[in-house]
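Same chain, two partners: subunit A is paired with subunit B first, then with subunit C.
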Partner chain A sequence: MGSWRLYVAVAAGGFRRYATYRAATAAGVFTNTVFGLILVYTYLALWDEKPQLGGYDQAQAVTFVWLGQALLAALAIGGGGFEDELMERIRSGDVAVDLYRPADLQLWWLAADVGRALFQLLGRGVVPFVFGSLFFPVALPREVSVWAAFLVTLLLAMLVGFALRYLVALSAFWLLDGTGVTQMAWLAGLFCSGMLLPLNVFPGALGEVVRALPWSSLLQAPADVLLGEADPLGTYLFQASWAVALLALGRLAQSAATRRVVVQGG
Partner chain B sequence: MAEMAKTTRTTQADPVTGAEASAFIELDGVEKVFDVRKKTGFLKRERRQVRAVDGLSFTVSRGEMVGYIGPNGAGKSTTIKMLTGILTPSGGRLRVAGIDPSRERTRLAHRIGVVFGQRTTLWWDLPLIDSYRLMHRMYRIPDARYRENLDRCVELLQLAELLDVPVRQLSLGQRMRGDIAAALLHDPEVLYLDEPTIGLDVVSKAKVRGFLRDLNAECGTTVLLTTHDLQDIEQLCSRVMVIDHGRLMYDGALDGLHEAGESERTLVVDLERELPPIDAPEPARVVRVEGPRQWLAFPASASAAGLVARIAAEYPLVDLSVREPDIESVIAKMYAERAGA
Partner chain C sequence: MAEATERTEATEVTGAEARRGRVVEGVRAYGLIAGMWIRSTMAYRTSFALTTFGNFAMTALDFVAILLMFSRVDALGGWPLPEVAFLYGMSAVSFGLADLAIGSMERLGRRVRDGTLDTLLVRPVPVLAQVAADRFGLRRLGRVVQGLLVLGYALAVVDVDWTAARLLLVPVALLSGAGIFCAVFVAAAAFQFVAQDASEVSNAFTYGGTTMLQYPPAVFALDLVRGATFVVPLAFVNWLPASFVLGRPYPLDLPGWVAFTPPLVAAACCALAGLAWRAGLRSYRSTGS
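Here is the complex of A and B:
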């Protein structure tokens, strides 16, 4: 095929595009650290009252907070991924340029988003995580194999995150103004990924449901593998199933959009 | 690029369609109908069909440079989108290089270049050269060919100092030249240009036009150009197609537009004193009177001599001049007639 070189180039471009905005990266690091501090003190108070809440001890809960702050930008859980750009291109009609190219729309944006995610993992994720690990009691694994398994779950989380946001972005072909959909996706992402509170804290049926939804692949799944609370293989299977299903759905939406929907603008 | 282009031609020419050499772009009764839903009340919607392109037929031969003009909403961009394969025609037959664009969009994409004047294919945040490296991979251009084409474009479009500048910092004219280069790195056989000089200053326009003229002359690249700037057409295209309401209204040489548009010349007459409108022989008629000066319109195809002789014989003539119709007013008249019809 040889087309992998194109998508590697797209991913590299995605990485460098975000790398050019250094002030924004620094501001992001600061924000993630501050939010981490607020959440950590909240969690510390909570776990003082209820030790072993959701099966985590206090160190695990603190680790969960800093992991969440490290992944927030990379997985674009609170927005800020490629989807805003793609929606704007659909609205303005610039997507015509993307469509006449000899490249696949979904793979193109996937590559660009993986490039972005890798930059934000390194540029925005590492500093808050190291800061948290230095100043708070955390529970980090010593085995390299656990870290390796964690990295695999991160990669799968990137795929699921992309697939979800690709569906959100494509809605612009039908809705033109995707603000409402974006906000709902953003809320669902924050709540159902475990960014506000770990999903294993959620009680009863609600807990069962949110843990089965695709958003739990984003933060809860990698966190449980890192904290040694979940079996890596089962987690891979869960994440990969959602990734395949959502990417396939995105592909269906894409072919429906490009076949039937008008490309805007003259 | 001339030699390279030739080798591309021979290797890529489709042996199945031998007729390709004569008709590179073929449209036969092409239609594009859009369904427009209009809200007419609470939950009530009315469906209406809009014919953006309505039975369009034309052919363009290899190496031709054709101007494609029409008012806003005439169907120009819809045609271009169908030619690139991103819109599927609702009816009719459409072929580019023997390929059905909407069915084999990706295969066709390797053989065409597109520049949308109001959009960019360049990576906004990154240096210009990064976008070219991406084209290199996207069109799988052999390394030597890529370097040769890039060098040529950089030289002719004066891009040397811009390669390391992020695209967002380029001026409109610089960005346009950058976009044109991006569309040509893979040696396309046909180049679609959608308003390539829009918003450019006089110097930038001249640069872009000069480059396109050379490209067409040296490489034999087929060019289809849509524009609102008739100077683009006058300076570049031997053939012009006028489209309105999705239909072809004129297809031929630029000069022929005058006849087709029933354009008129104007005779400006200065008399000794203020007089009532001159009693001119048909089909000439007075269109304006201002003091001793009068304006008479007559068909561009008719001679002015008889009219001048008659006026000189019957009126106290001081001075006169004949004004040729300009192409813009001819086309404006065509559009207006069509809208009134």
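Here is the complex of A and C:
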């Protein structure tokens, strides 16, 4: 019970830490809104050309754009989460201090990242989404139950997103310079999450492959639940399976790293 | 009387010479600092190769999105793939050149925040040259190369009756476009003196701008096109010259000759950005740390 309170405190700290930079948050809201505007017109043109593309109608496609802009920072799909900081601590050797603490390394960073994600969802995500809903035709559900199911998928998306980035960060134990891995992780995240283009628009087998990968838990899965295109229970199962598998893999990597790798002395 | 005129003429000459001297000095300093960063980058060749490839791949992703769209449709806003690729190539090369030359300026906000800008102020070298060349990233060539590949593809497949004017306009527009994007970078950096933490706003105009230009103007709402023509004149980077080259109707029914104005627009933008930079630098107050 005591350790539970510790992680809640860490999460609250993560939330407050990002809430401190108000100007940066406002700038992020502005930038996400501008990108949403640009994307929404390209999607409108695309769906004008081919109505019902990928099974979405135009309003659903528009909703998808604004949802993507709302979740981009919260789920750190294009980077910007905790991973750079953890990598730097691994490179400099400060991680030795983290490992010495009476707290679990993975849970500690998970708590901090969930705190950050919750702030960025509220601080950076809500305004562009509301802007988009006011000025463009969107397809939002009326039932409270769908919104509740959507919130659950968001929490699971946060877990999967963290688990993926934790693996990226731990690669620094072996590589020291994680720039290349980080870049590849961004590419995979943007391409396979639906951020670049909804995954149901991808042609043929490519579409089937990207929809089965863990990144589709980040944007595509919550979007499909919100838009009423997917069954919530099946989506939970898909996201939770990836979350459990990736978090377990993170555990394995963590124990391998702490057993075999010699931490750089300062 | 004659003597007085002679004297003012003399001071004017020295004034102009001094200004030219400062420009030469700035360019020279820029070259020296950029060269230093290139040498430092080349100490880690594998890392350089990887990050250059990463830069290439990151930009290529935008074009992959366009290709995926065209795997499902034949035209976007009435423009077929070769013509959209032409727009994309021009936007990516222009932006890539500007980003390569002075893209590091987006880090200015950080220097203002942590106080390291003060170091640059005491050196006997123009601050603009120092900030522009700071952490010069040769890896950004990846973006330029990717844009050139798409542009090459577009030029090969696009259906155009190549006249001298059309052929000449492409390189002129590319360089002018790079000038316009440079002005956007400088103006955004000047804004960071005031905004500091809000440096992300500039991404909306730089990265957002180049993304917008990858698609035909017919796709966007009129107000957005007006803003991109008269407020931040990005339309002169590729929309207008490409409309002339491809024989497409001009956005906003602008007259035909505007396709040839990008060099003038670029010069005007750079002059305005220079003024904004001076104003920004003058308003700078050190954090003292």
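Methods note: the second predicted complex is superposed on the first by the 264 of 266 C-alpha atoms of A that agree within 3 Å, B and C clash if a C-alpha of one lies under 4 Å from a C-alpha of the other, contacts with A are read in each partner's own complex, and residues count from 1 in each chain.
The rule is short, and it goes like this: a residue touches a chain if its C-beta (ideal position, glycine included) is under 8 Å from a C-beta of that chain, and two chains touch if they have at least 3 such contacts.
In this text the structure is predicted, and so the values were computed from the model without any measurement.
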Request  = For A:Arg259, decide between first (touching subunit B), second (touching subunit C), both and neither.
outcome  = first
Message = Under the stated touch criterion, which partner chain does A:Arg142 make contact with: subunit B (first), subunit C (second), both, or neither?
response = neither
Request  = Figure out whether A:Arg16 sits in contact with subunit B (first) or subunit C (second), or with both, or with neither.
outcome  = first
Query = Which of the two partners, first being subunit B and second being subunit C, lies in contact with A:Ala27: first, second, both, or neither?
reply = second
Request  = Tell me which partner A:Leu46 touches in the superposition: subunit B (first), subunit C (second), both or neither.
outcome  = second
Request  = Return the chain, subunit B or subunit C, that is in touch with more residues of subunit A.
outcome  = C
Request  = Could you give the residue numbers on subunit A that contact subunit B in one complex and subunit C in the other?
outcome  = 21
Inquiry  = Using the touch definition from the top, list the residues of subunit B that touch subunit A in their complex.
reply    = 34, 72-73, 76-77, 81, 84-88, 105-107, 109-110, 114, 116, 119-121, 123, 125-126, 130, 133-134, 137-140, 166
Note = subunit A contacts subunit C in the complex at 21-24, 26-28, 30-31, 34-35, 37-38, 41-42, 44-46, 49-50, 53-54, 177, 179-180, 183-184, 186-187, 190-191, 196-197, 201-203
Ask   = Once bound in the complex, which stretches of subunit A touch subunit B?
value = 2, 5-6, 8-10, 13, 16-17, 20-21, 93-94, 96-97, 99-103, 258-259, 262-263, 265-266
Ask   = Which of the residues in subunit C come into contact with subunit A in the complex?
value = 47, 50-51, 54, 57-58, 61, 64-65, 68-69, 71-77, 195-201, 203-204, 208, 211-212, 215, 218-221, 224
